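One structure coming up, written as structure tokens, with questions to follow.
Residue numbering begins at 1 within each chain, and the chains themselves are lettered A, B, C and D in the order written.
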Amino acid sequence: MPTSRLEAFSDGVIAIAITLLVLQIKIPSTGVESLRHVLLHQWPAYFSYAVSFLVIGVMWVNHHQIFSHVGRADRVVQFLNLGLLMSIAFVPFPTAVVGEFINSSSGEQTAAVLYGVCFTIIALFFNTLWQYVIRTPGILEADADPRVIRGITRSYRPGMPLYASATAIAFVSPIASVALFGAIAIFYMLSPARFGGAAG
Amino acid sequence: MPTSRLEAFSDGVIAIAITLLVLQIKIPSTGVESLRHVLLHQWPAYFSYAVSFLVIGVMWVNHHQIFSHVGRADRVVQFLNLGLLMSIAFVPFPTAVVGEFINSSSGEQTAAVLYGVCFTIIALFFNTLWQYVIRTPGILEADADPRVIRGITRSYRPGMPLYASATAIAFVSPIASVALFGAIAIFYMLSPARFGGAAG
Amino acid sequence: MPTSRLEAFSDGVIAIAITLLVLQIKIPSTGVESLRHVLLHQWPAYFSYAVSFLVIGVMWVNHHQIFSHVGRADRVVQFLNLGLLMSIAFVPFPTAVVGEFINSSSGEQTAAVLYGVCFTIIALFFNTLWQYVIRTPGILEADADPRVIRGITRSYRPGMPLYASATAIAFVSPIASVALFGAIAIFYMLSPARFGGAAG
Amino acid sequence: MPTSRLEAFSDGVIAIAITLLVLQIKIPSTGVESLRHVLLHQWPAYFSYAVSFLVIGVMWVNHHQIFSHVGRADRVVQFLNLGLLMSIAFVPFPTAVVGEFINSSSGEQTAAVLYGVCFTIIALFFNTLWQYVIRTPGILEADADPRVIRGITRSYRPGMPLYASATAIAFVSPIASVALFGAIAIFYMLSPARFGGAAG
């Protein structure tokens, strides 16, 4: 299978997942006392929307970076990529749970942990896929620059620990944990030395 | 990152956002006294559907116009584009709120302001992105025609004030405010001298 | 604007609209006495899903046929195409209404009329777009075969009356009216002389 | 119609269907006693999400395999492909029913049978399409390797019986039946000799 088709399909899934995020924001019904109050009160839904949008956006960049170096997508690459997409396409669910619970009196910790675990699993898939790509003969593009490859590998190293730590912070402050994922995504996007792993 | 891939991803997000608008229209349940009455009564939902469809459609044209002149998408372009997509993908939410509240006895003003603010933020992103594109060396395509570029820049000028004014009209007539966004989109689409900024 | 990009965007919107149809089928909740009974009882939802899927599928073929002869998409083509997409992307709504009401004791006529009117409006957009394409100098591809163009024009002629008639049948039998749209789509797909207009 | 456009449209529908699966997972509301308990309790929803994601992913690979050998898409190919897409785009519905009922005290058998029947119908469409492709003169690519074609034909043979058997197992253990579809998909993806038919 040519990687161009795999990339187009993956791009499609990621674009759809990122756009479905908005459906999880509740539409208030007429009869509420003050629409303004209700709209302001559900700020956690907008907040989790924005954070998830940023994180998935960065994952899209990341996914592209990996596949720009893949010359041949064998069975295992296809399988790991499907697992990766499965976890990215799942993001609207924890996003909605965070939007519902992050500001409530109970469940806010569980919501943030679910959120963080989901992203940590995605980071795990990114790492596994990348390790497979660089270790299996005949997968990397023939003319891949070893320095670029080493740079990406190095950039993936802080990813998993960083995501796991951000998840752990949910036990101290659920909201800080969610915000941290957004901050990591922004830092990643604007940082000159992109550290891929942290962003997925 | 080649701009072709950025454009394809952006096109995907915009196409999905525009098509998700329909999901926010409520399906009446059996047991209503008169289906015809219920269907006619929820005209604001069809109205906001049509207006948002037109406005997002124009934004898609606009987005294409900008990126047809971008030769290289650096980190900042990617970041600003992600912010732009985040605000466009958000449109189904204010559209649904307008559909629910624009004809109700309370909340109609808040709904229209939310709607207008959302589009004004999108216009702000379009402007910021365009200003960055033309002011940063090495971003514009090498063979970009300066007259065309100046023409686009000029066309963006009335955008923000026009959108802000349309939003302000919500305090006088919420429904006129929403209708105005549709009128601006139609005018933009059919006008010989496209004024990009107003349409996003 | 190159037509290739317009076509890609339109394909995206049509593919999304056709796939969103499934979301309108209600998921029964645990606690129902017999799941089998509930699933069988909501056959109108599957029926309207299948009919709309076929009709939108044919519209996609139709859309492609038109744009394969368009050499230049001017402002009016873009505007008419946006109106066409707006009406196609609306289809999930009448589909859901038909699925809910076609087998109920009241509202079944209104549902079928809504359904038929929606498709008749789409056919109107197809006709208007095609008439504009063939009558405006410089829109058709330079090497378009006049016989092929005449053939398409002829094939569009029965479309609007056929759709309007199928809609009118809703006053006699709502369910027959909906079924007729499906039959027209199947006939169109398998007929050697495609009559475009009827299918959109 | 060039097959490239048919493939792009089909890819779009499949990518959307696979990404819509997540919408069927219920978002708990604040006020539940324990969010953790509610989230763990709805494990069948995650389970059916994962299985359907894998199966649709394999179907995508399968669809690509067929069309990489199709040189010309005639009317019947287009019609069968539309039927195939209609059944794949339907998958989110049985997936949601399984997620709701597979662990409940009643309806779990019906849910699993619905799920299996849906996939068996998809396999039927895949088989019919492939048989039509290889038996109709002028459909296969001129330079198609007969050994490859025979290999695919052979690989399709166990598909329908395997899917029908997995469905029948629902009468013994609904959950095992659903799990089996996931196992078949994983086996298919990682097996050296891909047996197309079983995977769709």
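Everything below uses one rule, namely that contacts are C-beta pairs under 8 Å (C-beta built on N, C-alpha and C of every residue); 3 or more make two chains touch, one makes a residue touch a chain.
Everything quoted here is computed from the prediction, not taken from an experiment.
Chemist: Could you pull out the chain whose C-alpha mean position is farthest off from that of chain B?
Modeler: For chain B, the chain whose C-alpha mean is farthest off is D.
Chemist: Please tell me whether the contact surfaces of chain C and chain D are same or different in residue numbering, using the over-half criterion.
Modeler: different
Chemist: Cα superposition of chain A onto chain B: how big is the rotation, rounded to the nearest 5°?
Modeler: Rotating chain A by 90 degrees superposes it on chain B.
Chemist: Roughly how far is chain C from chain D, going centre to centre by Cα mean, in whole Å?
Modeler: Each chain reduced to its C-alpha mean, chain C and chain D end up 26 Å apart.
Chemist: Compute the distance, rounded to whole Å, between the mean C-alpha positions of chain A and chain C.
Modeler: 37
Chemist: Which residue numbers or ranges of chain C touch two or more of the other chains?
Modeler: 8, 12, 16, 20, 23
Chemist: What are all the touching pairs of chains?
Modeler: According to the stated criterion, the contacting chain pairs are A-B, A-D, B-C, C-D.
Chemist: For chain B, which residues count as touching chain A in their complex?
Modeler: Touching chain A from chain B are residues 1, 5, 8-9, 12-13, 16-17, 20, 23-24, 75-76, 78-79, 82, 85-86, 89-93, 96-97, 100-101, 104, 106-107, 110-111, 114.
Chemist: Could you list, by residue number, the parts of chain B that touch chain C in their complex?
Modeler: On the chain B side, the touching residues are 11-12, 14-16, 18-23, 25, 27-30, 32, 34-36, 39, 49-50, 53-54, 57, 60-61, 64, 186, 189-190, 192.
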